[in-house]
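Each structure below is given as structure tokens.
Two complexes are shown next, each including chain A; its partner changes from chain B in the first to chain C in the second.
Entry: the complex of A and B
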């Protein structure tokens, strides 16, 4: 593992969000250390960093594994502000956690003030098909409605674990390139549009 | 021109059409030029008008801006006040809340309870001690109930690179996390010094455990938008301690908040529970009856009546006095018709209370405006509203008093503006004109406001009297000074009297009062003047050489017209030539002075002053007559006897005659004493030394002809 966090290496900041106990930490740990932890201990907030090869390019991924049970909305906002991409995780065995994603999504959009923020809807615990409460169509409908990809993962079997992180990093990267190539194009553009609206108002 | 203006100003004005018409109408260049000139004039006047309007608007704008800035400052003050109160309440709340929490902590931990107040002090002093070495952190001490949970030195790392940045010292309080940077102490010993760098509220501070990676070990991260900071701890235990303590602090805070919230909720619930019966219980308390009020009575009452007291309060507070009064009347009329129930009695008591407070507010209003330094003309007019309401509230006596006090103040302010500059007469005239016209104006206003209250009118009369007293005593000081001439005196007094007579139009005659005040000093002044005249006559008599006066014909002519104007024209027979007059300069001077004195005396004449005036006039004339008689009988003036006689005849026939005439017309009665004096002037043969005159006969006339 290269330990040279230089300026040459891109850093992509990913945030894990979702209700408590849906497997955010499990996914993270599986991705980070290729291990699956059976016992559950609620996370406070952990930050991980790792150098990975994304499409033949060495990049750093910074994962913020947030607490599912955070009491202060202001603190949640601070988590979200620091992220460039989001993995919004729910458990397919728990409908409440699926319903909660709506709230997380709204909060993220509000905090980031960007409808096109890199974002993946992740249905975890796909190995527990027999306990499934959230059916695929339902989840796909929601992801389509939001205009984001939907992926089902299993932290236990490592199914799609790398995929969600890499897909998200790609999105983050393309967003960054986009922003840069248009010389702050899209962001600026949006800002401009907004500005105009203000004037009209 | 106006047609043109209308045309141009009309809504459907079409420039092309206008020009077309113009060009078709006008023949030749000149006419076009004329049209152009017309339009030019119109344009000029329009722009001038526009300028004027702009200027006017500008002035109004400035006025408005001033008003706004006034308001702004008031609002600012208000917000300051509110802020203070809020912080006060916050402090009180915090003391209560933390006190509770702390007691609990103590009880659970140590099993002993402390007084919250001393605890507070202790905490504070601890905090002060702790923060002594941190520059700029003293403001943190201000928050009550703040305690330090943990502190320690940390190494800050670059959040992206993970490279060390600098050493910092962090303090975890029960509500905030404070980061302080090290200050170089120059290698000297003693406690290290810090400088406060940042304070993060725990409610919005995300503390993130950083998993070890490469150089970044034993670190944790703070997310406090927009800052992201990474700190490295020295040991694993220290890191664990930091994370745990942060978590604990956050939890404790959450619990505390929940508590206060639930307390609030409880309170709200209780309030809601109590609310329905509140108004009734209050009412029954106010009248002191403990028996349960009839529920039906309350229900049947209109809603506005139940809220009337509050509404009145708000009306008064918002200075909507008329509204308050109307509401009051409405409530009173309702209450007088409705049956008396305990509830209504309570409301009535409240309403009466509000009525009293309304009266108080209005009273204060009037008092304030009478104390206000700058009493502009609007002072009385603005008082009208308050006074009228007070009258409606049956407080006419008080209103009248206050109004008159206001008048008093206004008048004083008006008179203060009249400065004593230059001669007395214009000053006195101006002062009395202003005073009386103001008094008249105020009296008129008074009668307008208090049309039907006789008791108040008497107060007005008394007030007017007082004001006149006040004025006259001031005037007496100004006018009756030793050097002042009778002429000035007379003019002043006449002016004051004429101003005073204005009030008679309102049915207030204060002349007697004015004259009464003036009488004593005036009589004394007249007597003094008389004595002065007598002395002067005596002095001149001693020097009299009985020479006819000789002047250039021009001056003589002037003198003649002057005397003619005074009503004591010299008969042509006295002119012995173009330049000679057989009257001596002494006689001429006396005649002029005497007529002046006579006129002055008569112009200030009042029945009560008659005796003084008579005696003054007679004594002055007597002095001159004595001089004449003495000269006639004086053998020294044997040569000049003809001249003396001429002069005597002039004095007797013309001057005294004029005096009698004036006196008669001014007082409508004969001046008998002067007639007696006149009769004393008789001519005896030279040898005769008889001092006393012959019996009153037609001798004078006879003797005159005899010697001419």
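Entry: the complex of A and C
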């Protein structure tokens, strides 16, 4: 029963992206273990798996927590490739991290070759309002421009932590259903879309 | 001065009946050496005359009167000069003296003047200050003290008595009566002397007349004395008589006392006898009851008679009185009565016990639940006999003990039967549920679990799922344990009251209230008994109660243990449930000393042992019997995989339990064993490298421990994380070498040379590391080769890693970083060691990054 959960349960692969120190690991650990780690230790890459109940259905979520600081962006290609959905995190107290999301977004779209990949823009550290550098309107404008939801979270207070993961999983799930019907119906739809992207590139 | 004066008085003047009035040291003018004393002296014969004496001291130190003159002979006293000490006195001739002391001279002259005043012919005083010459007559008497301040002048006022005013008037009247007195002194004197002689005569006459009266008085006194002595002798006689009477009275008093004591004693004796007789006596109706009563009809009468009998027999006779013939006879009669009483009671109760031994008990109304019948009916039946039992115990302990044995015997049979049925029922319930569950699952695979007990090694076993029957078992167990409790407690409470097991606490004298009190104490809680003495007694009582209960429930402990070991046999995991549930029962029981608690406690010890055994088995199953997956990937080792459900189930069972500490101890041991086992087993897979096995398993373990949040395992959690990172690092380093193996070897050699002291610039002159060699090696790795190598590496890694841990991306990103780092390192070494060789690697970082992207895109 517990041996092969993958056989019966859906598995959603989520990638955490964003600049260094914005709280990707903190969000992940808070979601996984309900704990908040104060001391900062840069992550290289770490993988987590958890079984959760998503809308009365047991699913597995794989979280790949990635390095914010990477000398060569190309190294990210591989894990972007493996992801089914992305939480693009920045810190509302640091404008640079907000600006960097643009670059992450572009790289993801390029690697995934898909404009509609499940994606959430996450403004973390919402508990530090007094240090806010990125205002809400700015972030919302960007999310609208990208056509993705924008959520502000606090890994420290756990505010919206579950929400971002669950929202993303829902998107991934509906996307998968869509793909399935698409491939069942008109098998070449997805390939077509891919091709289009290639042309753009 | 005073000494001299005193000496003079004593030696010279006193013998001559003279009084020294004043004294002055003088010497003859111009002959200073020869001192003498001038003295004014009064002769004490009447009428006193005053003399002036010159006293000298001769060679033999004896004072001697040299000359003396009546004061009246002095014609003139000449002071010569106020300030000088000279003094000239004209008597028969002129005597010139010089005083030794001025003060003395002054005083002397003053006194001389004073004394001379009283003389008819006073001497003339010349060259004397006028304030020295004061007529004493002109002064009041009080002033005379001031006037004669010094001691020597004192006799003057004492001896010289001028006639007072009164005397003067007498004298005046006397003289007036003789009108001639003034004119004719002679005649006046005659008259006076005549009067005087007449008075003398009268005086003598009156003295003579008083003599016979004196004699008469003396006689009177004599008579009074004789009379007094007579009275005295009479009184002595009376006194003697009174003394005799007193003795007699004392004797009477003693006799009286003795009579009183005797009376008192007699009364006491009477009282005591009375008491003894009434105490030993038993009313006739009671006697009749005792010999003829029938149970159960005459129970109350018998009870009353028993009380009377007990009172009579237990009366403490005063020492000695028990030797009375009548008393011992009565005792014998009482003994007979007692025997009858005990016979009646014992026979009846004996029959009653045996009869009640067939009691089926009252099962609770709901038949679906597991129940242990209670025997309240028996207790109710026997309750009324409590009083009789108490009497019997007091009157005939032997019969009482016998009865107790009979009771415990019958009841033990009863309970033995009940318990057997009860536990049988419990067993079937547990197993039937399990059977049902299994069949309903219809998996078939576990159907034979009942025949062959479940595998002991849950952690090591291939498949293990927490069994749903745990909850059912738990409820059955809880039910069973809580069913035992009331039955046991009821029986215990009954025994305590029926057999007066608490009689130590409340002796025979104790009131009913006391008894009920201590019953409730014994049954529920040790109560508020504070003193250690009462605690000691309580312990004694508890021991007695336990012994009785053990006799009544001989099969409880074996049955319970049997049941537990049965459960253990069915599924050894169940001992966790039993441990928790039983501990809870033991801990919640307040009367830690009661039989049930003791039984539970000993069962608990057994369960704890089997729990430890179970855990030990788990521990061994980890190390032994690894059953390493023979498939292409090793993946997560079974015990690591199984830890999660195992720990979750255990956590659920031990939630809120006091026993959690025991579990936590085992957790630590189990995890430690896993750490060891992972390392050991990592070397046993034929395809997967040990680093991968370690990495994946430690990662899994770390994840699991983070999820479980078992605080005691926090240290192990961190350790697992560290081990995971170490293994990851080791794996990346080891496998990364493959795509550029020869290059790596070459530069490792270079590095070693540099390390051993060869200058970097001279490396190229080494045979093995010449530029040609470098070129050759570099040529072997054109970009195309490198790409192929990286692709191979990726595939290899993909093959090693299992799906579930999802570490591919983690490992691959780490490898990418490592590859770039090594590339840079090699480039740098070439720059340093072969600066001018113009040799570079045949591929650039940009190309590497493109390879990475391509690999990413192709998957």
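The criterion applied here is as follows: the second predicted complex is superposed on the first by the 181 of 201 C-alpha atoms of A that agree within 3 Å, B and C clash if a C-alpha of one lies under 4 Å from a C-alpha of the other, contacts with A are read in each partner's own complex, and residues count from 1 in each chain.
Basically, a contact is a pair of C-beta atoms (placed from the backbone, for glycine too) under 8 Å apart; a residue touches a chain by one contact, two chains touch by 3 or more.
What you are looking at is a predicted structure, and each value in this text was computed from that prediction instead of being measured.
Enquirer: Just chain B (first), just chain C (second), both, or neither: which does A:37 touch?
Expert: In the superposition, A:37 contacts neither chain B nor chain C.
Enquirer: Of chain B and chain C, which one touches more residues of chain A?
Expert: It is C that touches the greater number of chain A residues.
Enquirer: Return first, second, both or neither, reflecting whether A:53 touches chain B, chain C, both chains, or no partner chain.
Expert: In the superposition, A:53 contacts neither chain B nor chain C.
Enquirer: Just chain B (first), just chain C (second), both, or neither: which does A:78 touch?
Expert: both
Enquirer: Please report the chain A residues shared by its interface with chain B and its interface with chain C.
Expert: 3, 32, 44-50, 64, 71-72, 74-79, 81-82
Enquirer: Enumerate the contact residues on chain C facing chain A in the complex.
Expert: Interface residues on chain C, with respect to chain A: 463, 465, 641, 644-645, 699, 703, 706-707, 709, 803-810, 812-814, 816-817, 820, 845, 849-850, 852-853, 855-857, 859.
Enquirer: Per the contact definition, I'd like the list of chain A residues that touch chain B in the complex.
Expert: Touch residues, chain A against chain B: 3, 5, 7, 11, 32, 44-50, 64, 71-72, 74-79, 81-82.
Enquirer: In their shared complex, at which residues does chain B touch chain A?
Expert: Spelled out, the residues of chain B in touch with chain A are 160-162, 201, 203-211, 213-216, 221, 223-226, 228, 243, 247, 250, 254.
Enquirer: Show which residues of chain A lie in contact with chain C when the two form their complex.
Expert: Contact set of chain A toward chain C: 1-3, 6, 13, 32-33, 35, 44-50, 62, 64, 66-67, 71-72, 74-82, 111.
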